[in-house]
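Each of the next two complexes has chain A plus one other chain: chain B in the first, chain C in the second.
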Partner chain A sequence: MRRVFAVAAILTLSGAALDAQGVMVAPHAVFIDHRLRGGSVLLYNPGTEPVEVTISTIFGYPVTDSTGAITLRTVDAPDSTLPSSLAWIQAFPRRLTVGPRERQTVRLLGRPPVGLADGEYWLRMVIAAQAGRVPISGVADTTAIQVGLTLEVRTIIGVNYRKGPVTTGLALSQLRAQIVGDSLITRARLERRGNAAFIGTIRQTLMDSAGRVLDSYQSPIGVYITMEPRLVNLISPSRLGRGRYWLRYEVVTEREDLDPTVVLKAPAVRDSVQVVVP
Partner chain B sequence: MTGFRRVAFILMMGGGASATGRAAAQTPTAAVMANAVVVTVGMTITTLRNLDFGTVIKGVATTVQPTAATAGSWQVTGSANAFVIITFTLPATLTNIQALPGSTMPITFNATAARWTRATNNAAAGTPFNPAVGIVGRLGPPPNPNLYVWIGGTVSPAAAAKPGIYRGNVILSLVYQ
Partner chain C sequence: MKRESFILIAALLLGVPLLAQSRPLTVTGVRGLTFGAVLPGVPRIILRTDPANSGQFDIRGPNRKQVLLSFVLPAAMIGPGGALMPLSFRAGDAGYSQSQLIGSQVGFDPRQSFTATLSNNGRGSVFVGGRANPATNQRAGAYTATITLTVTVLP
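So, the complex of A and B:
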């Protein structure tokens, strides 16, 4: 039943799609229960041309670099110290063509090793779609040089396989914030607890010295290991007067874009820091 | 009503409205019952425009700026405010598919050959970045949960380049958290 509803939603969403090539991937995060050992991803082609799709899997998880930028750390051959399901989750089919206004399902099947410890195991699913090619309408002039580029897009989503009791949590520390021009820039150390990724949202609230809320921001976040993401948000109004302000920083296990039943619950963590505009 | 349910509700209304329209054309008094729960939202990368160098001249480098009408462009639609890691896999050479093997043409992408914007489709206002390095982008807030990416580049056909069609692959990858 749920599948039907998801398709209905996709068809509804795609009603306003541009007349261009692409493929919709839903959901954008897959959670597999060990008792079911399977999951699926729906592909929908809202365009008027068929789209060739190739499915592959890699192991990786988001980390932050020294500047706070989020990158995907990939490991080609993850060893037993990493919570990888790369070796035992397979996707079917690996190659497919999604016709115009058609949908197709890619299934994920887990064949975990006997004695797999309780916990959460990760991989990333890569959905590669040939998204177009510069049309070359024949070379009438045999001395001409023409350039045509084949474009491919890859959507990379997380696949989390859960066995037994899984827990998550977060420790928040080293919160700092500054206002530069019209932007609020914040960083904090987010240290994951438990045996599963922390999938949630960072909520930030900027207040004046009297406690009045000036602006608020929400940032979906996935914390797989310790990270220190740097967040930049435009302030509205664009310029703050000189003075002292407060930033309230809170991380909660809530996501508006995911089914609440797959988001692991954990206590919210929060902190505040003063921001001075000289 | 949570955000998730709010989205579900909106989609239900959208789907229900179109269904009602069809039903009404047949039986004006018909009521359409709907019982829908949206499992999740999806993510779409749509190629809006190809990176097109067209016909180039031997011995003359041709550059397409990321703000040009012939730049490659993509629209990403997904979860509002979400971060996505944007990376490119770029060719260093293009291969002439009509000539003997080994007939190639260099293609380069400089440190500002790519741009991205949040929510609005405006390359001129985009943030430049090095496509060889990548960047973290962010989808726009509601009601425009979009992100746009552009790429340009430079092809440098040699004076002795063989005529024909030169091809290469540009791969745009987006990692969703």
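So, the complex of A and C:
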């Protein structure tokens, strides 16, 4: 029993007394024009302790899995069939320390190969920052077990490099919708057209059989190649009576979180589907 | 928020090319995952809804922004002389809350990625719990590990 008490410990994974720590990243998406070949990202440490930051780059783009959940597909060594700028965009510095309430700039420099075809080329910038560490101390009993867990945060933002004329568009198909409990669940196949990612918004409108709007929803979307996102939205009012309803599904190139000058324009695509509540 | 706004304005005045000009993204570690007192051979479970001991990360960004959340979770903590103490995480050990309230989370499996949407005012919190599994002969000393939250901005 004594041994049990001797080994009994305070197990603390980074501790409740953790000082909030992290780094602010701006912007959250970078668009580089081939004529400038460079961009930058601002890092700001709002905390009271220095934050060590590591910068790296990967190639990846959002896709959906069989359930419609969005994931990031990464490719370690993208070949020439993929529109990757991983091999020729560099970020520097790669390691830095951002002091308390200080800001630092990470620069991106593109050195594209000669003869690069017009189009959009992608990579993802990974900003890894220490998010808190609790010193392992304060337990006088040297037989105790003490645990300290370092928290780390990785922020991954997109970097889109555009050369020459870039176009985008979308083909919408296989729209289906169902109401399960208090939720409207929809899926549709979205296939990108053109030579650049489709960055826009999905607008959904639920109407009754007389065409009266019951509810509407908006979801930002980025279609890099093809995806089939599953969207779940709470219906208000929470219960619909038996009957037939219509869902209008529209995808437009509008984004409130991005500068309109970087959002490529394309014709909206739309479809409707009937939803039956038995 | 005032400070962040000031920095953004300063950056713009200094010509930092913020081509996509909107609220920046900030991910902050708020509270660590705390296991409290444990006994050798007795697993200690912390729920993600535990207001004192669950881990918490806060996210601030553009309104209604979609982000992809994923964890890199340690399988064990490393202690004295390379001794290991197993950690485990199961489905439902992580949660996301748009309102940043620990009582209004949507649970998810921290071993898989999860798509979250920031609130109408650009906020969200991620909570995480887990299990420490000390062995009956767990060696005394300090154990460390790193838990990583990856926030991927979509698109």
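Everything below uses one rule, namely that the second predicted complex is superposed on the first by the 257 of 278 C-alpha atoms of A that agree within 3 Å, B and C clash if a C-alpha of one lies under 4 Å from a C-alpha of the other, contacts with A are read in each partner's own complex, and residues count from 1 in each chain.
Just so we're on the same page, contacts are C-beta pairs under 8 Å (C-beta built on N, C-alpha and C of every residue); 3 or more make two chains touch, one makes a residue touch a chain.
In this text the structure is predicted, and so the values were computed from the model without any measurement.
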{"item": "Fit-or-clash call for chain B and chain C when the two complexes are aligned on chain A", "value": "clash"}
{"item": "Touched partner set for A:Pro46, first chain B, second chain C, both or neither", "value": "both"}
{"item": "Contacts of A:Pro220 with chain B and chain C, given as first, second, both or neither", "value": "both"}
{"item": "Which of chain B and chain C A:Leu175 touches, first, second, both or neither", "value": "neither"}
{"item": "Which superposed partner A:Thr105 touches (first chain B, second chain C, both, neither)", "value": "second"}
{"item": "First, second, both or neither for A:Pro260, with chain B first and chain C second", "value": "first"}
{"item": "Contacts of A:Phe31 with chain B and chain C, given as first, second, both or neither", "value": "second"}
{"item": "Partner chain(s) touched by A:Pro62 [first = chain B, second = chain C, both, neither]", "value": "both"}
{"item": "Contacts on chain A seen with chain B and repeated with chain C across the two complexes", "value": "6, 8-15, 18, 20-29, 42, 44, 46-47, 62, 69-72, 124, 128, 131-132, 134, 136, 142-158, 218-222, 256-259"}
{"item": "Footprint of chain A on chain B - complex, ascending", "value": "2-4, 6-8, 11, 14-15, 18, 36-58, 62, 72, 74-75, 78-83, 85, 91, 94, 98, 105, 107, 134-136, 138, 155, 157, 161, 163-177"}
{"item": "Chain A to chain C touching residues, read off their complex", "value": "4, 6-16, 18, 20-31, 39-40, 42, 44, 46-47, 62, 69-72, 101, 103, 105, 124, 128, 131-132, 134, 136, 142-158, 197, 199, 218-224, 256-259, 261-262"}
{"item": "Chain B-touching residues of chain A, taken from the complex the two chains share", "value": "2-3, 5-6, 8-15, 17-18, 20-29, 42, 44, 46-47, 60, 62, 69-72, 124, 126, 128-129, 131-134, 136, 139, 141-158, 217-222, 229, 254-260"}
{"item": "For the chain C and chain A complex, residues of the former touching the latter", "value": "3-4, 7-8, 10-11, 16-40, 44, 52-53, 55, 57-58, 61-66, 68, 74, 77, 79, 85, 113-115, 117, 130, 132, 134, 138-155"}
